[in-house]
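Each of the next two complexes has subunit A plus one more chain, namely subunit B in the first and subunit C in the second.
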Partner chain A sequence: MFRRFSALLLGLAITAGTVQAAQTDITIGMQLEPPNLDPTAGAAAAIDEVVYANVFEGLTRFASDGSVKPALAESWEISDDGLTYTFTLQSGVTFHDGSTFNAEDVKFSLDRSRAENSTNAQKQLFDGIESIEVPDLQTVVINLSAPNGALLFNLAWGDAIVMSPDTFDKAKTEPVGTGPFKFSRWVQGDRIELEKNPEYWGASAKLEKVTFKFISEPTAAFAALMAGDVDAFPVYPAPENLAQFEADPRFSVVVGSTEGETILSTNNKQAPFDNKLVRQAVAHAINRQEIIDGAMFGYGTPIGTHFAPHHPAYKDFTDNSSYDVDKAKELLKEAGFEDGFKTTLKLPPPSYARRGGEIIAAQLRQVGIEAEISNLEWAQWLEQVFRGKDFGLTIVSHTEPMDIGIYARPDYYFQYDNADFQKLISDLTLETDEEKRNIMFQEAQEIIAADYVNGYLFQLAKTGVANAKIEGLWENSPTQANDMTEVFWND
Partner chain B sequence: MRSQRNLFIGAFLCVLFLVAAVVSFVWTPYDVTQLNIANKFQPPGMPHVFGTDHFGRDIFSMLMVGARTSIAVALVAVSIGILFGVPLGLFAAANRNTLIDEIIMRGNDLVFAFPALLIAIMITAVFGPGALNAIIAIGIFNIPVFARLSRAAALSLWERDFILSARVSGKSSMRISVEHILPNLLNLLLVQGTIQFSLGVLAEAGLSFVGLGAQPPIPSWGRMLAESQTFISFASHVVIFPGLAIVLTVLGLNLLGDGLRDYFDPKLRQSIPELKKHGGTH
Partner chain C sequence: MLTLLCASVIIFLALEVVPGDPASVMLGVNAQPETVAALKQELGLNVSKPKRYFNWVSGMLAGDFGVSYTYRTPVRDMIADRMVISFPLALYALLLSTLIAFPAGIIAATRRGAVADVSVMGTTQLGIAIPNFWFAMILVSIFAIKLRWFSAGGFPGWEAGFLAGLKALTLPAIALALPQASILARVMRSSLLDTLGEDFIRTARAKGLTAGQALWHHALRNALIPVLTIIGLQFSFLLAGAIIVENVFFLPGLGRLIFQGITQRDLIVVESVVMLLVFAVVMVTFLVDIAYAAVDPRLRRRM
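Our next item is the complex of A and B:
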């Protein structure tokens, strides 16, 4: 009897022991599943959210505060004329398939991304690179045709990661990188699993296993978190539920910033929006706070131009387009639309767009503009609005970092064509002095704010919900990423 | 009698929603297109009987206008079904056991074989979301229901003596169909129409739920449900009332349909036990 009892005790002690050891696996919830896993072959944010800094690395990388840090490049030197960048690479780096990483891989990857027939979604990142040389296997030299103050920043993007020439063609389904996690399994429609890379060259990851689980429905996301099926939802899709998570001691809610400028995109080539007075009237008819409260339940920072408020170069232009119904009506009268007009408002699925759109339609109605809402799925939105340019107004959040340059592309979907602005941006690209660049960024912000190119609504907040015991998740979203290297369970 | 009580309850519920829909044309307690964010998630009570939603709109007013959308879509869809389905069925019955009968009925089977909601989603995906496309989509799927029903009933009528005497007197089969057969089908059509109507309300709610029905700012019960899903844990009234509206309307129409069937002819109950299956759009 006693023996049996002690055996039972021993059994209890063993189970208790396993319970106490800190958990080493984590399940991360994401709303959208990536279409593939090759960040050099697609624009979808979900690709980077799985593989950036976890599986793939580039020469430089973004840290959690948005600063650019060395990654595969240990250090670099810039020539005095700003035309030659010499990168010294980390030593002892291997790809997940065991092959050794060297300078030839860097040259191959960058040459492939900037090639004429490249399908890279952010090809402009490589503009101005004239040639890439490999003097020895630990050194890469990038020659530029003109100085480029943003080169190190550009190389930190997910679209500029390094792959091996042996495995790049399989990266869409079986990515092989140099990062702290290896790709292990993709169950289509459900989840992607990564496991720790024991051979990682840097400080190794604290978790053994990371699972990204895809849950598109906000209701299901809520249930999955509550039931513990998902440990963290870095970008939780339903801000209305955050108050409940905040009140629950099992969870921690972290509200940070993103690079997502949420704007009322306006078709600058379509009548009547080709008239600046009309765009100005729209800007004054919008009550930003009401949109933030109504659509985002208070999460979001009002913006008056296309720039992230947490950036040092940001200038507040919200007064330039303050909520003023009388002024909006006057401007419409001046533009010859005293009785208002009808237009279309095409909305993609996220709740900032669907709810925000309904609020904006109601606000525009106050000044006599009848915006007919149609709700579109992402594929339809890309087809009709983004590629087809068949829209009057739409709402979308531009989540790429430092993307004010899109206003210099007259063929971009909102079709803003201003030669002065285009000149400013090309000058800005050549400028390497940080302070001067910031001044030029401010000029750029002012031009588009004064031209009322789009309705500037708010900066999307990063509303993350996680198990309170998890530490090391990014608070802000300086780029589209879920860097899991530093994440651990603090039991 | 039980069936009469059903008829009464059903009729009461239907009249209730009909009145709400009609009154909403001239009066609602609040303007449903007017947002008032500061006033959101007011609980049921005074001055908002059913509370307010996430935009501070009065839910009672929205349900009134939403009834209009539901009834309009379902009514037109059922009318399309009757308008096209009944002549097809009568024509097929008049030409029974010929190639034309075969073609019409197999065509019906073809439409019938597809899950209605799926095709409705396809139609609205191709031609764009909106109440009009929802009407057309639901309407098309009512055609075979009425075609089959009227053909089956007409076939048995064609064997009757009074039809025989009409044929002997030299009337064309077309004339017989319209003058003698159709009047004898009216009760049957009314019963089936009521049941199809309830399925139309459900289909409209389903399409709106997935975002393919009436577009904002026109309130629709299905979309009210879809939009308020994430609020259920802290403002359940936003979900409950549109849900109840759908349930009670569909229940009312079904009770009314059953009651009418019993009222018109107790014997009918034996002759058309398959009635409801015809309406199986789900």
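Our next item is the complex of A and C:
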């Protein structure tokens, strides 16, 4: 009898103990489910949002402030001519299946991504790599055909992570990486579970278990946070509810920056937008603050060119295209469109585009431009606008980091063709000096701002909602990821 | 069989004309054209259309639905995973709707014009008018956010226990059942009223049966035929038509699979799921025909 009683007491003590200890599991809400879990096999941001820095690592990685840090490469040396990068790898690294990580894995992964038949969505990251050598198992040498100031940055992308030749073909459904968390299970349509990797080579994760839950409907996301089914929603889909969460002491609202330049993309080859005066008129007809307030509930930073405002090389060109209806009308008159004209405004699904589009159409109407709105799904948008180039105007957020180089591609969907700009970007790629690169980036920003290539609207904000007791979540989004290594519950 | 074959041709053709291809959706805006071409090759998308149709149909006959373009897992497994949610949910909702509709319809019919009848008719009018996603949101805000009796959505999986699974499906089932129950109750009422006016009921009463006995032994059985038809239609609808409610409760069911499949242009998944639903509708219609025979012996000979 007494023994049973003491066992009961012990049982009570154990349960009481677990109640008091800090929670070590977390449920993260995401709007979209990743189509697969291999970051080298698709452009979907949701893939990186689950596995980047958690399951998979590359030679370098992004820190939360956007700087590039060593990851699997402990250190590196760059030859004086900028053509040879020698990486020294971390020692004692193992994959989640127990096999040892070495330089051959790096060579295999990078060679696979840059191969002829590669299906890597960001294959351009590996342009200019001539060969990869493995002098010993702790060293990787990358030889370039021309200097590339962005190589370390490029290698930090999720599309450049390292996998083992033994497991890469299963990575879409059972990823095996080197990161602080191991993949544990995927209930398709519902959730993905990761568990802590006790063998991790670096500082180990503070959480034992991370669950990513997929909730596409904004109202359902709201309910799930309110009911406590989800602990955090790092990219919360309904900005209209943020004020309510801010007022609630149980939650904290995290507002950070992203790499998403949201622009009114303009077809530079389609009349009348092939006329710079018309593009300039459109730029002056747009009231950015009204769009940020109306479509994004005040979250977002106005931009005047295609560059992230938090980057040290950013220059503010918003005055260049300030809101001025009279000037816009004058410019249209000068261009010969005194009575205005008709065009199309094709909108992809995100709310910044659909809501922003309504506001922009109304603003354009004030200067006499009739923009006929059509709402497209992503697949249709890719087909018609992006590939078919059949559009006048469209709104889209370019979320890839440091992507001003797209303006040097004349066949890119907005079809901007400027030889000076193309020369500048190819010089910039060859330049390895940080300071000189920043000056050249500023020149590039100025050229496209002065040419009014697109209507520059705002930098997308990252608005997340989390339980107030959670700490360590990324505030900004230098790449679309949820690094869970530093996250913990502060009870 | 012919129905299924025709359906397969229509489904295939309808989806093939939809613009957009899965490879470019997967690779996004930075991909180089040769990368897209390489992926198309890998997915087998550069095979001619008739050949793809033939592969699809012959695969299905052998029980192989192919491999999803985006998820790269067998479609059969994906459908099986979703079925264990959608099928019980549809059944649960149908059960609730029948449990509500039968008594409500019978009471309304037997007390025609009385307070009970008027209130049943009024409530069912409201039940039909309320959109089920809105009703679902109201349920969530009361029972999940305020009272915290249920979670706001999601599904723990049947391995978490039968009761846990059932609990997760309760709010969605109620949201789905309400409009169905309203329709069914009205059908039940009018069908029963029609039957109660028939000569054989008068005969039964003349034999000395009470109103209740006549109802239970004679009227109800005859009134069931149209009700069964509606139940059959409703089951097919609940199986496929729960897309919106599944989204509100973020349940990984068939409806969401179709929705995801369409946005990602994962055509093979959409084609197979729709085909399966056609098959389910045909099966349910068949079962309803059998049920007719059970309630009406005259139909047995005709079959």
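Keep in mind that, in the parts below, the second predicted complex is superposed on the first by the 475 of 491 C-alpha atoms of A that agree within 3 Å, B and C clash if a C-alpha of one lies under 4 Å from a C-alpha of the other, contacts with A are read in each partner's own complex, and residues count from 1 in each chain.
As a convention for this text, a residue touches a chain if its C-beta (ideal position, glycine included) is under 8 Å from a C-beta of that chain, and two chains touch if they have at least 3 such contacts.
Everything numeric here is computed off the predicted structure, so don't read it as measured data.
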| item | value |
| --- | --- |
| Clash or fit, subunit B versus subunit C on superposed subunit A | fit |
| Subunit B versus subunit C as contact partner of A:374, first or second or both or neither | first |
| First, second, both or neither for A:387, with subunit B first and subunit C second | second |
| Which of subunit B and subunit C A:361 touches, first, second, both or neither | first |
| Which superposed partner A:294 touches (first subunit B, second subunit C, both, neither) | first |
| Which partner reaches more residues of subunit A (counting touched residues only), subunit B or subunit C | C |
| Partner chain(s) touched by A:219 [first = subunit B, second = subunit C, both, neither] | both |
| Partner chain(s) touched by A:117 [first = subunit B, second = subunit C, both, neither] | second |
| Touching partner for A:149 - first (subunit B), second (subunit C), both, neither | neither |
| Following superposition on chain A: angle at subunit A, subunit B versus subunit C, Cα, nearest 10° | 30 |
| Which superposed partner A:260 touches (first subunit B, second subunit C, both, neither) | neither |
| Partner chain(s) touched by A:244 [first = subunit B, second = subunit C, both, neither] | first |
| Lowest inter-chain C-alpha distance for subunit C and subunit B in the superposed arrangement, angstrom | 6 |
| Doubly contacted residues of subunit A, that is, touched by subunit B and again by subunit C | 219 |
| List of subunit A residues in touch with subunit B within their complex | 218-219, 222, 238, 240-241, 243-244, 290, 293-294, 354-355, 357-359, 361-362, 365, 372-375 |
| Touch list for subunit B against partner subunit A, complex | 33-35, 37-38, 40, 54-55, 128-130, 211, 215-217, 227, 229-234 |
| Subunit C residues within the subunit A interface of the complex | 18-21, 24-32, 35, 38-39, 41-42, 70-73, 78, 81-82, 137, 140-141, 144-145, 148, 151-155, 157, 247-253, 256-257, 260, 262-265 |
| Contacting residues of subunit A [partner subunit C, same complex] | 33, 35-36, 41-44, 117-124, 172-173, 187-191, 213-217, 219-220, 223-224, 226-229, 377-380, 382-384, 386-387, 398, 400, 403 |
